[in-house]
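Before any comments, here is the structure.
Note that the chains take the letters A, B, C and D in the order they are written out, and that residue 1 is the start of every chain.
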Amino acid sequence: MQNTLGAILRLTTFGESHGPAVGGVIDGCPAGITIDEKAIAKQLQRRKTGLQSFSSSRKEADEVLFVSGVLNNKTLGTPIAFLVENKGQQSKDYEQLKNVFRPSHADYAWFEKFACSSGSGGGRSSARVLLPCVVAGCIAKEILPAKGISVMAWVSSIGNVFLPNDFSEINNKNIEASALRCPDNATSRRMTKLLESLQKDGDSTGGTVTCRISGVPAGWGEPVFGKLNAALAHAMMGINSVKAFELGEGFAAAAMKGSEYNDALMMKGGKVITKTNHDGGINGGISNGQDIIFRMAFKPVPSIRSEQQTITRDKKKTTVKISGRHDTCVVPRSVPMVESLATFILADHYLMQKSRGK
Amino acid sequence: MQNTLGAILRLTTFGESHGPAVGGVIDGCPAGITIDEKAIAKQLQRRKTGLQSFSSSRKEADEVLFVSGVLNNKTLGTPIAFLVENKGQQSKDYEQLKNVFRPSHADYAWFEKFACSSGSGGGRSSARVLLPCVVAGCIAKEILPAKGISVMAWVSSIGNVFLPNDFSEINNKNIEASALRCPDNATSRRMTKLLESLQKDGDSTGGTVTCRISGVPAGWGEPVFGKLNAALAHAMMGINSVKAFELGEGFAAAAMKGSEYNDALMMKGGKVITKTNHDGGINGGISNGQDIIFRMAFKPVPSIRSEQQTITRDKKKTTVKISGRHDTCVVPRSVPMVESLATFILADHYLMQKSRGK
Amino acid sequence: MQNTLGAILRLTTFGESHGPAVGGVIDGCPAGITIDEKAIAKQLQRRKTGLQSFSSSRKEADEVLFVSGVLNNKTLGTPIAFLVENKGQQSKDYEQLKNVFRPSHADYAWFEKFACSSGSGGGRSSARVLLPCVVAGCIAKEILPAKGISVMAWVSSIGNVFLPNDFSEINNKNIEASALRCPDNATSRRMTKLLESLQKDGDSTGGTVTCRISGVPAGWGEPVFGKLNAALAHAMMGINSVKAFELGEGFAAAAMKGSEYNDALMMKGGKVITKTNHDGGINGGISNGQDIIFRMAFKPVPSIRSEQQTITRDKKKTTVKISGRHDTCVVPRSVPMVESLATFILADHYLMQKSRGK
Amino acid sequence: MQNTLGAILRLTTFGESHGPAVGGVIDGCPAGITIDEKAIAKQLQRRKTGLQSFSSSRKEADEVLFVSGVLNNKTLGTPIAFLVENKGQQSKDYEQLKNVFRPSHADYAWFEKFACSSGSGGGRSSARVLLPCVVAGCIAKEILPAKGISVMAWVSSIGNVFLPNDFSEINNKNIEASALRCPDNATSRRMTKLLESLQKDGDSTGGTVTCRISGVPAGWGEPVFGKLNAALAHAMMGINSVKAFELGEGFAAAAMKGSEYNDALMMKGGKVITKTNHDGGINGGISNGQDIIFRMAFKPVPSIRSEQQTITRDKKKTTVKISGRHDTCVVPRSVPMVESLATFILADHYLMQKSRGK
């Protein structure tokens, strides 16, 4: 509910972007799980502001301080609490915005809800508040069975530049080779050009991220309201700026015939496989042993330099130009977030299935 | 979790499609809410099998029996339990399928999870198990503030036949005038032709449903993991065959520039409005007072007459032709389901906001 | 919350005592668990009204109808819904009480909460609404590991007649030999005399029930807010008329010295045991492998024949004599309820511990 | 579940006693609630170690650092996270205990559960881990309606020294006048003598705390599993060393007749009152407008100086003398804890009732 994700493995996050810190508490984690500090640092680095020229230049150290639940890099079975200090906030950037609701930001809706704002910098509707999910995702990874599950996400489009559908050689290496986390070098270069041009104009754009999970056995996920795809959709829609989610063929499925779409079941080397994977690895909310593939859309970053029509807090007409440091496109930085949340959801469903005795 | 939806207003559903009954328990409903039996009967009729020739011809009476929580058509504040008997199951249709996993059905994943099947007819992965959500949605409607909130869904595409984007005269009347719940008469006729042709071939198709919620004040929904859009996505992805969800511009947003996309805030008649509504009425997970608009994709019905490659329970290669009564397209029948779940989610968030004192 | 008990194994109950039925939904139950209908019938018979002359003479058939989640006496892994019809309600007994708040009943508090009453007969504050817990307890028993866990409760006092502290030969046989479920024949006879005398006077009394759980391994229960003793206390305080709960020495512990109280740890036949069991088998909220022993107090049945001072619904002074069929003492009938709830709580904690990998 | 308390207002705590800090996250708190830092500091001071000679001499600064959810001493409506650093841990005190399970401590059960210990000092089974509940209780107090609710607890016995039953002049002043928080000066002196004697012997004892809540209107609390008394019992049994809980007459009720026990309803000055308050202010789980009175028993502090029989981690027979700084009696320090948890439970039920529209 509200700030807690998961049923057996539960992450509660806290923190405003310009408050002292962001952090989280993970409950329900088994004892004896390794905390891989290097892996955490690496994923945090991947989501970091200032990574490259198209992202906001805010400098954040993003070191994780574990406050409880961990001793000598092993979990104790008790709640794991951790903090990441907020450093380098430039609240003056936000001074100009204090009395103005920014178009397509959460400012107005937030104000109507809470009758107050949570300080400068977007408060709890800033992307920074999801940073604790990255830490939780790294811990969740260690909870999963030791062998064979991989969760990999990449940028599949930025603005109107798309990774070709037939580009299938996707691996960690070519994703990381691109500052934009697009595995195709040529596409990545075209995306870069687009972003350079938008940055010059003070404009922004959106994009899509695709995620592929391999190695999940058949049988994870719960029928009806506990569907694995519903849990994934819920988690992904919780990421800032995400406006859409699709599994497997997604929207394209709606225009297909059953005879084209259905994934024939086959045996291969003693294992059940499907001839195609239009369903994206989940049937009836339960994993079917094939790759789980989903995709989500991010809207353009709402903070742009050009003048926009809006209203003030006392509901007067005004205009606003947003001049602070802001990403031109948030999509590349979201890649580790997507992986982290997906891993967390998987670990929760794994523990749930374990409680059922399988 | 699993079979429960909602945080303060909670619906737990039960029932297999070929068991004695399906039903639900609603907890957290205030006392004194009217049970509008006519409205419930009408919505159940709308989702009913056998409505028209493209749907499965199974005859179901679908009368709701309230077992607790209601006296003289008013809620008591105690759990509302209700049942709808399963009648007219033709289990022999399923006899042939007993040892076969149907392609793109939940059969295989379910079997791997539970090491048993839930009897004939799809068990708890049948669309029938969501029937209790329709009852819950009708009750939820009465919980909402008396004035001004409307939830309306319609079919926006079937297969490759789309409602034109510029068709905006959408109302209850023209939706109900179409057996397919597509508000445009011309489009509806083209959809009918497509379905007739598919039915002849024993094939099936998918489609999309769009939903518009008007009248929700700004301030409903919770930040981070309790976002209103995430709750809607979670609920909609729980509907059988739904593979995708988008809010406002959805996937199209990913290709837009910030300068095109942002919804300028304006005053009109003392009320805050936005010039455009690309965000679909929700910012940062919180309603912004504009129409909430979302859309979801249904994959084709997996039960088709043509021969399909598959495997048996003991993992031998085989083929299957599915000959029972099955929908050619499930999308029109899903319309009341979408409205019901959306209404339930809204009522839960309304009560949550009420607990905050607004 | 409200009408749901448990974290992983979850029971939601519904039903008013004079409505059509009471029942429950059990979610999170593994598939393949046996439904032992005879054991259920036996426990229901044990809690049944009309068992003997000191209990209310209401005749109830109490047959359980499983509506979902069960096929051929095995659970499917889906929600188990069941109903027990309410028969033989004599609502006229309650006609006289319609406008009067009965002293020490829930009538007044209920009316202030819900601004309505839930019909005649105590509505949802009747003991009958806990009947579904008995069914759930029998199912929970089958979830527990096959060997060695026993849950046994008995009447340890009625009014001022107490089972002697040094009476330790407690077993199913001597408990069942007594209509009052007191294992000591002599004490049972004295209790009977007390109840006969009270019944003649139209008066009532309370009593205590003690419960002993053997065979739980060390390690079940969660620290802090998930303590096994806290879960047991919560469940027991949910039983009608229970006013007190104690574990092990309970209130007597408060007057002891540490040097008297502490349970020395010892080895015996390769197993860890404690020399004494003042702690009642739980330390820090976690089972320690010794017998779990707790006791609870039931207040006197509030329905008595003598004239009592009270007020009407419109807050006028009045008096009331309660003449219907009512138990003189509810304690013997509560014994199977105590066992059932204890077993359910254990099964939930067992599944929780299983999710942790032990 | 596990480390979270509450349904709408939810407190998740974390921290081991000898880790870097203890703390908590409060979710579901309305915006605009005042953080009364002085009241928090005062309650923390009341529970502080080293208050007087019978308590452990560990020096703790116990300053609360708010990390999120608060701006200018007002809540933002976002999760309130806070930390209290652990200072002055003397881990060497625990060095001797590293391989030994202390009798009647959680050591052994904990080890069997988690297959590890949570470091020195009792880890998460130390009383210190409930410190965050004190902070939460102070915030909860501000959530409650502005007028008239008071929550007051006091020591009603230590060892075999009891506050006389007829001592009724209980107020904040005479409670605070006693270092032992016993409102009767004479009794307090006798308790002091007892503790002095026990301290000399290196022994310890238990005691009871009574709590009275005035001003709660009728109608808070939920039937069946959400009973207000069950929520209170659950919370109180979560406090370290608590072995028993009773509401109103509690165990004494079991020996009473209905005709003695029943609380007659009366009108006084336009208000509903009861002639007696044997029920302790709650009927059927719902507050009835009278004072809510409950009492709980604490077992003796298990850390004593005399030699005790026990076993080592590798299950060898051994003896132990516990020589570090330890309380002789923990009961006086528990008083603010009891008040805090009771207030928190009340605030949660208040918000729940608010969501119902009353």
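One rule holds for everything that comes next: contacts are C-beta pairs under 8 Å (C-beta built on N, C-alpha and C of every residue); 3 or more make two chains touch, one makes a residue touch a chain.
Values in this document were obtained by computation on a predicted structure and should not be read as measured data.
Asker: By residue number, over half of the contact pairs should agree; on that basis which option among A-D, B-D or C-D is the same interface as B-C?
Answerer: Interface equivalent to B-C, from the options A-D, B-D or C-D: A-D.
Asker: Identify the chain pair with more contacting C-beta pairs: A-C or A-D.
Answerer: Comparing A-C with A-D, the pair joined by more C-beta contacts is A-D.
Asker: Please report how many Å separate the Cα centroid of chain A from that of chain B, as a whole number.
Answerer: Measuring from centre to centre gives 26 Å for this pair.
Asker: How far is the middle of chain A from the middle of chain C, if each middle is the mean of its Cα atoms, in Å?
Answerer: 47
Asker: Using the average of all C-alpha atoms in each chain as its centre, how far is it in Å between chain A and chain D?
Answerer: 40
Asker: Show the residues in chain C shared as contacts by 2 or more other chains, in ascending order.
Answerer: 1-4, 13, 28, 31, 77-78, 113, 115, 124, 223, 356, in rising order.
Asker: Which residues of chain A touch chain D in their complex?
Answerer: Interface residues on the chain A side: 1-4, 10, 12-16, 19-23, 25, 27-28, 31-32, 65-69, 71, 74, 76-81, 83, 113-116, 118-119, 123-124.
Asker: Which residues of chain B touch chain D once you look at their complex with the stated criterion?
Answerer: 8, 28, 30-31, 77-78, 223, 351-352, 354-357
Asker: Taking the touch rule as given, give the residues of chain B at its contact with chain A in the complex, in rising order.
Answerer: 1-5, 7, 13, 101, 103-110, 112-113, 115, 124-125, 129-130, 157, 159-160, 198, 201, 203-208, 217-227, 229-231, 233-235, 237-238, 240, 243-267, 272, 274-275, 278-280, 282-289, 297-304, 306, 308-311, 315-317, 353, 358
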